[in-house]
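I've put the structures underneath this note.
Across the two complexes that follow, subunit A remains constant while its partner is subunit B and subsequently subunit C.
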Partner chain A sequence: MENKNVINIKNLVKQFPVGGNYFTALQNIDLKLSEGEFIGLVGPSGSGKTTLLNIIGGLDSATEGSVSVLGNSMDNTSHNERAIIRRKHMGFIFQSYNLLPVYTVYENVELPLVLNNMEKAEREKKVTQAVEWVGLKDKINSKPADMSGGECQRTAIARAIVHEPALLLADEPTANLDAENSHNIMKILSKLNSEISTSFVFATHDEKIMGYLRRIIHLEDGKIINDEKISNPKST
Partner chain B sequence: MIKFLAKGLIRDRSRSLFPLLAIVITVTLVIFGIGFMEGAMNNFLQSTAVISSGHVKVVTKAYEKESNQLPNDLALFETDKIIRTLYNMYPNYFWSPRITFGGLLDVPNENGETKEQAPVFGIGIDFFSEKSRQAEIWELEKYLISGHLLKDRDDALISLKLAEQLNVNIGSAITLISSTMDNAFTTYNFNVVGTFNLNKGQADRQMILVDISGVRQALDMEDAASEIFGYHNSLYYDDEDAVRIRSDFNLTYSDSIEQMLRNEESYNALSYMAGWNKISNAEKRKLPKQRTDALSDNQMYDNIDEWEDLSVEDPAIFSPKMIALRDSSQLASMVDFSNVAMSVMAAIFLVIVMVVLWNMGLMNGLRRYGEFGLRLAIGESKGQVYRSMIIEAVIIGFVGTLLGTILGVSLTYYVQEFGIDYSEAINQMSSEMVLPNVFYAKVTSELYYIGFIPGVLATVLGTMLAGLAIYKREMSQLFKELEA
Partner chain C sequence: MLFNIAIKNLFGAKLRTSLNVFVTSISFFLVIFISGMYDGMREYAKNITIETEVAGGTYWHPGYDSMDPRTFEDSHSIIPNQIKKLIDQKYAFGVLISQASIYPNGRIMPVVMKGITPDQTIVNMPTNVLDQHNDIAIPVLIGSGMAKNANLKVGDSFTIRWLDADRTYDADEGTIVHIMETENFKLDLGNIWIPLSKAQSMLAMKNQATYVTYAKDLEAIKDIEDWIHHDIDYMIRDMEAIIKADEPGAQVMYSILLALAAMGIFNAQVLSIFRRGKEIGTLMALGMTRSRVVGLFTLEGGLNALLAGIITIILFGPVLFYFGENGIPLPMDYSEMGMLVAKRLIPIYSFSLIISTTILISIIVLVVSYIPSRKITKMKPTDALRGRAAV
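And then the complex of A and B:
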């Protein structure tokens, strides 16, 4: 069976203006990602992981090369069009959770559905399901300040997957968590990956979670130095 | 989404309650501050208005020209009628006739011979009629040193300095020697019922205060007055309004006789004025008696040429003319100064408050970059995030300003009605100070909207500026700030 390309990057260059000059954060990146893949962008600090993730997510744009995500060419789409693609088809998980502190778990998870103008009844069903998925049913009315880091990150995961996105981007999702919580999170994510058709891209340099990845792309100084398929990943 | 944002707004006190409080407090301060300054400025003008100028006053044109000589032979006639007209034309003002007069004050001994004598400056005020509110605005009880206020037509209050000079006591009779408005010699007896001190340095050195009914009797000025004083019902001197009614009055009323004599039709009237008898009685009454007598007796004005010679002294010089407080030379600069000072202070005040609220809007926006970044990542467009930010600022700014305005205007209104009594503090200062004991604030119309400038405008502009970063920066950059 032929897999659709979820991500198709050709000859990507990303430069940042620094002073009067340019700093090249990414160069000659070629990357294809098929539906349902579970991959990691791995490399030392400053190697360009976040930059690449941002470009894939349409939060930043490429200096050169072509970037196509979920069949949309990101080079010539407007901010608004990219916002719509994100809203409908992408989920984000951040290192620092980025929950909105004034809202409860339920409301934080509900936000993407509100943005997608979903009916209240359907929202309720989906939010409850997502929260159950990450095992936070009994915390559904808590606020982020009253929860542990692991619980917060699980809430962030629920928020990222509640609208069943085609692509989930996670930037160091376990960096602020201890080993046990990190493993928990990775188990949840790989289970999700096997149950729904979502593709996952992680940026990480956390050794603990490497074992869960099915494909590891090694970055160094903005270049892909190795693209490694893992034959026997850990699973749930 | 609106519901979602509203929830956040209500729950996050640093987003709603604190800015709201800041706006309420600053707007209240602005409004009360400005209202208070307006009131204080007005206080300084009010004492002058009470004693010498009114907010506006009506005199004859001739009287105005020579007013420093207290020329009561040029006084206004038919004052009741003029006052009725004034009430009709300008119901926002109250009107009161006044006679200012000069003369000699003679204090007789037991035998009725002169004991002491001094020049006197007298003011006859309509204290007894409720409508003219003179007792209320003079507040003489504050200045009374001994005795009691005027009760009777022939009662007189005499300034402390003059009383000492003339050696008169309460209960003494004093004789005013002066001339009637027809320039006839006259004497009249008043009874001293009290002494006063206006605390205005030498201004009251020769002053006596009497009721206008007594002076009218003394100077044979029935239904006549040197001046008719007008005050706005609120006692607040509104310069613009005073100037407006002065111009209006002078255009429509006082020029009418002059106009009548000058325009085409009355040319005919003029030509047969050769026979003075043919002029209407109403017109005649507008000229002083001695003049009409002279004209009636004298047959030399039998032809029009000679009449025109006479009209160099236009009979219209006896028509009434309105003068606003600001028209007296020294007062114009004072009024202007107070207006400018007001505007400058209000402007400085506004700028300070704007900077504060602007900053608050800015900080509030900056503080929430994290939230904005996240919402952008989740798929809100920049425009949506920006708009929601502005809408929040508008709501907070508007509600805060509304509350602040209500609070500020109420506070100002309270101080307007009841005043802040400074007498304690003032008594501790020099007793020679000419400060009113009670400061009143003033609710003016601009108080109702001025708060919106800092309250809504500054808050929203500050927020807008903070929000511009959403557009200017790459989204990933916005993120970096939230990750930190």
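And then the complex of A and C:
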């Protein structure tokens, strides 16, 4: 299952201007991720995991070094080119779900397909399938305000995977959920990982979900301090 | 695609859309209504002059100058034949003017005494009340302003003193037979109206008049001897000049109204868009390009303006129509100040006012949708996602 590189990062440095100086959020990051991997960027708050995730997703850019995602160099690409890569090949899951409040579950999940100009009939088929994957068929016409946190996050997952992206980036997907919902979400994600060839990257410091990860990259003060392969994860 | 998303966003966010549309709609209504009132006020002065005084136009005695009372005494002659024919056919009526003095309640008041054909229906004056008063020496019609100034009421009698054609002063008793409510102060303040035949007899000016007013839509006659024809345009030229002179003022007022409306729309729209910073960040994270996000929000603004136009027609259309038909009563009588302002102000909504307001407000909505969404999309998506957008 794990073969070609999905992410290839070399000597990545990310600095943010703070006052008159620069704060180094990431330094000397070298990282390779292969297709179908289910990995976690783990570390305490401020360790740089979300920044790294954003750079991989093209939401932010590196100060130094090179970043290649799905064969596309993210170093000198325009905002529009990065947006197109995200739209076609990536899915995002956010800590606070980021669902559009005026849309129903169906409409939220449908959005990436609408942005990809997919035909209505095909959209309907794919949305139904994605909603079934996350077990929200009975809530398909509900709006986020009428759903629990777990249901909202499952909707966000359905939205992230509906166009079957090559790479799914999840930033603290279980941080707002209780233990039961966290396990449910991780079970859904690991099941999806085994059923579709999507690679998963999590930024997390939630102990509950670490057991599902097959590779854990430990970050501290913007540096990778350990790259650990898990021999017997729950997700297998 | 953008259109479908914009429609979904608009109709999905019922409260937000309702508020934005309502604010825009109120702006539409207020700009059209207040500008219409102002236009109505200016047009009213012209219309009331035509309705109560000018009708289709006038033929003046060559010596008559309506602005110079010194000409009144000698400005009278036998009405030329062709004009007389019009009067006989009820297409015109004569007015004979003379200076006089009245003595109401022991006071002396200089007045302009005007003899008018009682059965005329050409101008909007209740002159028929002067007819059929054989028991009264001089039946008199006055306006309510004059009645108030002279402390007169219907049935009151007073002495009228005048100078006749033979340069002889004479006097008789006049009795108020009616007090008219007129919005044209020129018919009211300082004027007393008596039957034309009575005036001709009192002034020893048989078959004479100072001017003749003819009905609307009547062609002017040419054979009028030395009398002078003044058409409707000439008679209202002062009003037109005032309206023209007031145009910059009207434009300033329109601009102020539009600016106020723009501020209201700007507040509602900008607040709404900046509150959606996280939504914009999410759309960008899902792969929507910056230009498409700006396009989406500008399109939403355009649809907002369209909806506001429809809501204005549905919600405020009947209100505009009602006031357009019935007017708005003013709290005081401005005619006493010598101003041609209606007691009931009727707004006029011109086609150009409605079209220009619609276009300008739509442009405002589009601009205030475009600018903040452009500003947010220029932020880093990571900041937009955190809802860090700020005005």
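Here, the second predicted complex is superposed on the first by the 233 of 236 C-alpha atoms of A that agree within 3 Å, B and C clash if a C-alpha of one lies under 4 Å from a C-alpha of the other, contacts with A are read in each partner's own complex, and residues count from 1 in each chain.
Just so we're on the same page, contacts are C-beta pairs under 8 Å (C-beta built on N, C-alpha and C of every residue); 3 or more make two chains touch, one makes a residue touch a chain.
Nothing here was measured: the structure is a model prediction, and the numbers come from that model.
Taken together through their common subunit A, the two structures put subunit B and subunit C in a clash.
Contacts of A:I225 after superposition on the shared chain: neither subunit B nor subunit C is touched.
Using the contact criterion defined above for the overlaid structures, shared-chain residue A:Q95 touches subunit B, although it does not reach subunit C.
In the superposed pair of complexes, A:R87 makes contact with subunit B and with subunit C alike. Of the stretches 276-284, 294-302 or 348-356 listed for subunit B, only 348-356 runs into subunit C once the two complexes are overlaid on chain A. Comparing the two complexes, residues 54, 57, 59-60, 79-80, 83-88, 90, 92, 94, 98, 100-103, 107, 111-112, 114-116, 159 of subunit A contact subunit B in one case and subunit C in the other. The touching residues of subunit B, when paired with subunit A in their complex, are 1, 4, 7-8, 11-12, 15, 370-371, 373-384, 474-476, 479, 482-483.
Of all residues in subunit C, only 1, 4-5, 8-9, 12-13, 278-279, 281-282, 284-291, 380-382, 385 touch subunit A in the complex they form. Partner subunit B is touched in their complex by these residues of subunit A: 50-51, 54, 57, 59-61, 79-80, 83-88, 90, 92, 94-96, 98, 100-103, 107, 110-112, 114-116, 159.
Residues 54, 57, 59-60, 79-80, 83-88, 90, 92, 94, 98, 100-103, 107, 111-112, 114-117, 159 of subunit A touch subunit C in their complex.
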